[in-house]
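In the two assemblies presented below, chain A is common to both, partnered first by chain B and then by chain C.
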Partner chain A sequence: MRKKRWVPWVLIGPALLVIVLTTIYPLLAALYYSFHNYNLRRAPQFAIQIGESGIHIDWSLLSLENYTRAFSDSRFINSLEVTFWFTVISVGLSVVIGLFIAVIVQKGGWLHTLTKVLLIFPFAVSPALKGYSWRFMLNENYGVYDLLIDSLLVKPVNALLSLFNALPLVEIPYISESIVWLGDKFWALFMLAMSETWGWAPLIALMFVGALGSIDEQIFEAARIDGANRVQIFFRVTLPLLRPVILIVTMLKTIFSLKMFDQVVTMTGGGPVRATQTINYYIHQMGFVRSLDIGYASAMSYILVIVLTICAALYVALVLNRD
Partner chain B sequence: MTKSLSLAKLLETTALLLIIFFIVLPIVWLALTSIKPQEKAYTTDVVFMPTADNFRIIFSDTSVIINAGTERERGEVGRNMLPSVLNSVVVSGATILIAIPLATIAAYAFSRYLFLGNRALLIWILTTQFIPAIVVAIPFFTLFRSIEVFERPLLGTQLGLIIVNMSIVLPYAIWMIKGFVDALPGEIEEAAYVDGCNDFQVLFFISLPLIRPGILVASVFAFIMSWNEFLFALIIGREMRTMQVALMTTSGARGIMWEQMAAAGLVVMLPIFFLAMFIRKNVVYGLTMGAVK
Partner chain C sequence: MRLMRTILFMLALALFLALPVGGALAQDVMDPATFGLDASKPYDGTQLKFLICCSTAPQFASAAVKGAAEFTEMTGISVSWGDLPFGSFQEQLYLEATNPNTEFDIVAFVDAWGTNIYDFLHPLNDFVADAGIDWDDYGPAYQQASTGNSDTIYGLPFRGHPLLLHYRVDVLEAVGMEPPQTWQDVSAISQAIVDSGMDIAPMAMYYGLNVDQNLFNWYSHLWGAGTDIFDENWQPIFNNETGIAATEQYLSYVRDGYSPAASVAWNEQEANQELVQGRAAMFVGWWWMASRMTNAELPEVADNAAFAPAPGWAGGDTASYGYLWPVGVLAQSDDRDAALEYLKWLTHPITERRIVLDAEDPALDTNVAVRLSVLADEEVNEVHNGLQGVASAVLANARTIPLIPEYTEIVPYLAEMINELATDAGADVQEVLDRGAEDVRSVMEMAGYYNG
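For the complex of A and B:
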């Protein structure tokens, strides 16, 4: 073959240069900032000074203070906890509901096909818009979700409870019909995760539909002949066969969830009382809104980088193992 | 036997209807609210006279609109959203115009040439996707504050946002297009080499025309990505509002004007909706970069 050895570098060069400038530069700069007391309200003093006398490094200006501060900052710890719970709930629900949808829609008549087509709909809704639309629909006075939850869940349950409470046994308290979803610490975080699940469960279902389609039909046939019912087939055949895909999808969704930002801004604004302040949101607050503490924001985002690097390494290992 | 079967069928149909309802409701509700008259927007009524007022309001300059004798207030200081639509179009358009050609030739090289570090570089490019956007935004925020282009700071300009968008769009497009090149059999290229074509002739006259559909799909994904991007638009774009950030201006002294938010939301969503239909078959590939087939 007459392919020339320098050609690939010419073709990759421009893209590589842009990627290095837009990812490696900020990664290095943020790391450098994170060791400084760097607030935009004051004139910054940087450790590396280049002047007439050459390059001078003032080590006294570098410190780990921003990192130690992060781990004694109760609000940062809170943001770690919020992000953790948000990730657990949103990943768990998205993957489980996605799997459920996939198994149902995979084969069948026109209704199944229609559902499969509709699965892509949430993809068209930007995260920022998702946040606003959920906030609107959860409104306790005119929100359609609020109405649905009250009339389809709360009222029937309360009706059952009133029957039970008529018996001379223990009195079970009724569920309140006037929960302010985004005003309650637990429900706000849960609904934030639900809005994420609305966006992702259908897309994850699409991923599983593809994976299910590539499983040899004879395997299911054999299980059916052996007398397995649908539930047994799901747990004994489908689930083990899907395991690699489930792992990859879960890891990918975990990474997306850890980086969650847009909906916090548009749906809850971090509230009530910091209950939905994810890491990204708190970094944004400290770096750009409440204070302009670039050094501290950089340090906290580096902690996030480390967490994500571990997840990314796991993800890459999973994907490469599969090939 | 038949009885339990029909029960299963009933359960399945119910589940399907619930799934459809769960998926479609937020979108339908947004669309409904956008054409509701203001006095109905804050109710769960579904019977009303449709109106285009909300769209008229978000695309007008005045802060108060008189419609049929009733005064209607605009959000904040009555910002017209048309500039924001243009900002989004320009930023997303320019982002793909720069990123896609660069990504295409790079993806081709990654797919067709064996060179030192090929695989390692490719995996490194994949991992740049997992860098949190905030860590990219912070240094570019401070840098763009101190760079002036035509006597205006780069911060808060379309150009600034386009540059930062490269960090997410370019690596993504490389991976995506590489998949399409990989799927193309190499025999035609081999034949062209035998016929005396050089590397660049093969790339531009043989391979590129063949992967054009793939490039189009990648462009659509890249467009959606930068259109829906929010964090960079907020921190780097600032006063140059893209549509995502302009959604926030529907909030005024009396809280969010939901009917205007819904109208703006529909403007944000509709173009992406049609683009998403167009790339329907590639969504799984696009979201997982080929990790799930």
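For the complex of A and C:
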């Protein structure tokens, strides 16, 4: 029977069309804008002009100015630094905590199964809502963080100190009176990363649970026969075997962390000062809120695209290598 | 029997006297001519789209709902209100206004944001003249905000907000102080509250980065002390000696411990919650928040709620930011005339008065009015405990911010500057303000303000 070549194209056609319209076209348009002085406040002048005499290209309207401007813009450099540290903290915490959770819940039993099911919920919460929730939770009056730390840690320790009459010398200050989480540059960035970790660590844990389940039990058995204790087994056997998954998860989380935007808007507003202004947030500010400078915002977006492409290429290489 | 006859006579008399009044009211409401609307319904069947934010907030929801059915009945025009959250509204406003194929006809916008879309709005000067709209019924600050300090009217004042001091009568009485008239009074009262040992923060200020709200009260300090953001040549002057003194006073509330340390990260809403939940004695914010205090769950807050004009500067001026949402018509609207018809009704004093007087549904209860005649209306003031009278006093001295397109680019720099000074107690005010002035100057320079 003769194979109909057009059938696959018809089947994937609608999906392709959607991708072209929603991804390829904006990508190409942004690249084109990035070489222009295009501000929403003014009527745009583009290099490619279509007139009665046909298509004409005015090369004088194209320039690399937006790209060179980015690297002399201290706020853009700041956003690169913030994004870097945010990525380091959020990826590090997500992977470590995810692994910790996975080791705990990997065993069988209904409680473990239930925990695994519940683990997906934080990831399902919308990032904007996550930001609002965390802002609320970090409030010194009605936030759960200060309440937990003060009542479970500070109060009992101070009570203990008072038993030994040491309170006047070393009284631990209440968190609610001593730290303004979102008013301090370090803590604001850290808590922003924590809000991201809160959503991602459980998902990563589920990935690790899957990977742990695929390790042959005989390997652990052999290690135990050789006299290895639990810690040794974890660091000498489990971790090396999980290395490919750790790499993939790290790369995937890095890509998402580099794109951080929603929680910055709803949780910190980029503050205090500029301590949590990530690249995406700064691009949005310059393009749609502050300057309406679409050309400059597009150029900065492409710088981010280059970084993301490198990460994505590494990710794909790792996945293919693993396969 | 005689008594019965007397009662019946009195009832009949009351009914007789009430009929013309009721008739007049009904006529006011249902007669298109009252609003200057075309009774022949030339736009019958037209559907308008109104781009606006936060339509669930009472100040907006009330205007969307109250009387809308009557307007449709009178004109045949139906209006659908967009509902965008405040956080994403600015972006959407710019995108829709600059989109030649936008589906929206009418837009409401924050005064400062309007500067970026003036070219895309239909000028309303002829409309205001033809419709007989009394332009002098709006205060100077609202007129400036609607025209961008030019001769062109880009929008009609729609929702407007003076800054009020919201305070607890009981706390001020306990320390034997009168409501503050100046910011220096605020400090003195705050110190008295601290000295009294009461378990309440004297002040809830907001210095956090959130849609640049930390600038609202800073403007009052600057203007009151006698300086401004720019001089007449668009050079930044907020970092001069007076500006430094004003900024130091503004920061003193948190630096001196009168406003809680957490206020360095608070937005306006969070600061207001401190007052509403009984943890603060004073708060300076928009008047639309007044009902939160009067409707507070805690009786000690609700029963002691009081409002006064935002403070001024000792020995200086009393001037605060009059924040306005004008409403305009997009130049590219296909139904411009129908949209103008809607504006006639929406901004009419009768409509505005009815919205403010109708306090039946708490979700639609609002004190917000912009016309001086409505603010001075006795019945309106009676319903809202004189709040509109206080607002009138504030608006008499209110000002607007620099209405230039570049200001939206400048504002985040200023907000960051204030946030830096608030979060870093050791920061040098002069140095940070100078740095901010440099940022502002570079924006203005790039925009060509200093050429020639």
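Just so it is clear, the second predicted complex is superposed on the first by the 285 of 323 C-alpha atoms of A that agree within 3 Å, B and C clash if a C-alpha of one lies under 4 Å from a C-alpha of the other, contacts with A are read in each partner's own complex, and residues count from 1 in each chain.
By our rule, a contact is a pair of C-beta atoms (placed from the backbone, for glycine too) under 8 Å apart; a residue touches a chain by one contact, two chains touch by 3 or more.
Keep in mind that what you see is a predicted model, and the values were worked out from it rather than measured.
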First, second, both or neither for A:R290, with chain B first and chain C second: second
Comparing the two partners chain B and chain C, which touches a greater set of residues in chain A: B
Touching partner for A:L182 - first (chain B), second (chain C), both, neither: second
Which superposed partner A:T266 touches (first chain B, second chain C, both, neither): both
Partner chain in contact with A:L160 - chain B first, chain C second, else both or neither: neither
Which superposed partner A:E140 touches (first chain B, second chain C, both, neither): second
First, second, both or neither for A:N280, with chain B first and chain C second: first
Partner chain in contact with A:I219 - chain B first, chain C second, else both or neither: neither
Contact residues of chain A, present in both the chain B and the chain C interface: 40, 141, 265-266, 284, 288
Chain A residues touching chain B - in the complex, by the definition given at the top: 1-5, 7-9, 11-12, 14-16, 18-19, 22-23, 25-27, 29-30, 33, 40, 100-101, 104-105, 108, 111-112, 114-115, 117-130, 132-137, 141-144, 147, 198, 202-203, 206-207, 210-211, 214, 230, 245, 248-249, 252, 255, 258-259, 261-262, 265-266, 280, 283-284, 287-288, 294, 297-298, 301-302, 304-305, 308-309, 311-312, 315-316, 319-320, 322
Chain A-facing residues of chain B, complex: 8, 12-13, 15-17, 19-20, 22-27, 29-30, 33, 42-44, 102-103, 105-106, 108-110, 112-113, 115, 118, 121, 123, 125-128, 130-143, 163-164, 166-167, 170-171, 174, 190, 193, 198-200, 203, 227-228, 230-231, 234-235, 244-245, 247-248, 256, 258, 261-262, 265, 268-269, 272-273, 275-277, 280, 283-284, 287-288, 291-293
Chain A contact footprint on chain C (complex, rising order): 87, 90-91, 94-95, 98, 116, 208-211, 260-262, 264-265, 267, 270, 274, 277, 279, 405, 408-409, 411-412, 416, 419-420, 422-423
For the chain A and chain C complex, residues of the former touching the latter: 40-41, 139-141, 177, 180-185, 188, 265-266, 268-274, 284-285, 288-292
